[in-house]
């Protein structure tokens, strides 16, 4: 038997080609998550000219940096958890999934850049860029999930259709709030930032709803 | 059978969903450890204006940087080993464990930042921030272990209760000494730094006590 | 039985030494890919002296940085996918494969450097260096694939010879266009850059042809 | 059966605790290797004040940076291959192996720092520091291998004693040449640098001798 014509998509089995490629997709994604989340701290810089004597004042003045660092840390951490939860059910891969996941990782990779913008500049543009980045993280993740799950294309057959529908909709909430905050930032960009913090509080409360079931 | 209602927690088995999610938790953590420990060296910078002729003097003057680098390298290395030892016994996961581990990694991620502060500034504040960072690393690690082990929630059933209790208490020693050194730093911050070094000497002597047993 | 004389090459089997070494080659490569792709964002820097008021103007002026970042992100992403696809068929390793893969990774590692050159300088030299880097990425990848596949040296025996030949030739297209763009850059380096963008459009259209078949 | 008293060392078996801990030791090491080798490029920096017009001159003047980058890239790459080859035979772990490997990784981690020193400063001190770094990489690697292999402590029982002895001695050659070059640097530090390059040529020729046998 030769493999000249077979399409890049096959039924899954333990230690199959699917398992190995999905294993690399996951390892590469975990690497990007781990590096992006750790690089965030590089954005928190003690300015030149700080001495032993004004250190306290300088460290206090950096609080927007700490806040932006923390929000981005939890955004990346949260989407790592979402990625873990969703990929538990993915059994097959195709070319489109590899590229959709790469597109999602693109927006993870630029988070250290947009985080440093929002933490250093007090400006409408900074707020809009950051909100757009987080919204794109969420939307591309939802797109990758919807693509995998739609018609049970690449996921475990035992997941129910209503469940897939419900998860997809729930996945749209967080990015949509960030997208909404872009509009709000045109009116008042401080208000937009308060909304981001409220998302995390809502997430903690609503967290059990977001959960995907387990498969053995 | 559908998976609509099952909670995100199940009994373990080889190649089960637990194994796969724990595998990713471990891979992601190893990535963050590896990056944070390697980024420490970025904090050791030859200042601008150094020439071939004053290089020796500049390199000698950087010894507080080397010392801080070395202490942080061994703190991260030690907690990697602690993480390895404890996760040998973890068999299941739940949402809280993912978040507790992420909280622990938060304090690992900020170590390059606090290390650069303590190595560049000769100040009480710098010493307190660094001690607080290391204490938080230790306490969040203990919290994650206590959470996993309490009532054998997520760990191997064969570990004895007295053993779990003893391990948890031993895990509290190192962060508590760092927490104590915060108090000492208010009186004499040089003394606080000597205490950190003594912890490592004590650790080397007491190391066999800290060990967790093996499970095949 | 002793292992004193055996050569570093053996027939494959599940969990064999081959599998474990190939596993590390893949893990190390995925690590380098993940770090290089994430470090690209470090090259996109807001210049000193930017304030809340000129931020919009500065961000607009950085568009060559964004473009270079995006091209390099997709070059590294694409070659990660190529690496994934080709290594699905590699069953054995030898010393030469380890070194050829390392040589390939060398050109991945320098991409953040050449990307920052092409995004910051409007010059023939910058364009030539970048094109040469991408061409070397492609040629060393093809060399590693040709070495593995020639006479079925290290790959799955079920791949057909015409298929291997066709894949090798297709692999040469992208780097050859970049090599060609070096020549064009001597005449008009702006034209060379337009050619790079057209490669990506061609790739998207021709993508199904590049695909390797699947093996279970 | 309880695990209260068992020592942290056990006989190996597939999917045993040994396998899992060694798996993490390898994953963590691969992460550090991948990051250190990729961070090397951060040391190659286009100086401030470079314009489109003097770019060629600046890039030419950076050749000591490229050379140092290349040597360090192949040092780290070579020791990654050595690490891969030696760990194929390691079947068990103990606390000392974890710490010895960490000590080895310490010297890998500081390579981006010493590389930037040797590439930026034309000085005896710079040459000595770099040679000492590479020598320590080699000696700590040999120490970890000798510790694992001595009396077949942690390695596959099928490796012969003469073979282990021979490998250990061969492992000492490269770091000893670098150690020797420290002495030579006191007389003539340019000569010391030529010796480094000759090591790589010797390595390529002698490479087959260094090889460890394969185990299935």
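As written, the chains take the letters A, B, C and D, and residue 1 is the first residue of each chain.
Basically, contacts are C-beta pairs under 8 Å (C-beta built on N, C-alpha and C of every residue); 3 or more make two chains touch, one makes a residue touch a chain.
The model shown is predicted, which means the values in this text are computed figures rather than measured ones.
Enquirer: Same or different, please, for the chain C to chain D contact, judged on whether over half of the interface numbers appear on both copies.
Expert: different
Enquirer: Comparing centres built from CA atoms, which chain ends up most distant from chain A?
Expert: The chain lying farthest from chain A is D.
Enquirer: What rotation angle superposes the Cα atoms of chain A onto chain C, in degrees to the nearest 5?
Expert: 90
Enquirer: Would you kindly tell me how far, in whole Å, the mean C-alpha position of chain D lies from that of chain C?
Expert: Chain C and chain D have C-alpha centres separated by 25 Å.
Enquirer: In whole angstrom, what separates the CA-based centres of chain B and chain C?
Expert: Averaging C-alpha atoms per chain gives centres 35 Å apart.
Enquirer: Where in chain B do residues touch at least two different other chains?
Expert: In chain B, the residues touching two or more other chains are 27, 31, 34-35, 39, 42.
Enquirer: Okay, in this complex, where on chain A does chain C touch?
Expert: Chain A residues touching chain C: 1-10, 13, 15-17, 20-21, 24-25, 27-28, 31-32, 34-36, 39, 42, 95, 98-99, 102, 105-106, 109-110, 112-113, 116-117, 120-123, 125-126, 129.
Enquirer: Sort out for me which residues of chain A touch chain B in the complex.
Expert: 14, 26-27, 30-31, 33-35, 37-42, 44, 46, 50-52, 55-56, 59, 73, 77, 80-81, 84-85, 88, 158-160, 162-163, 207, 211-216
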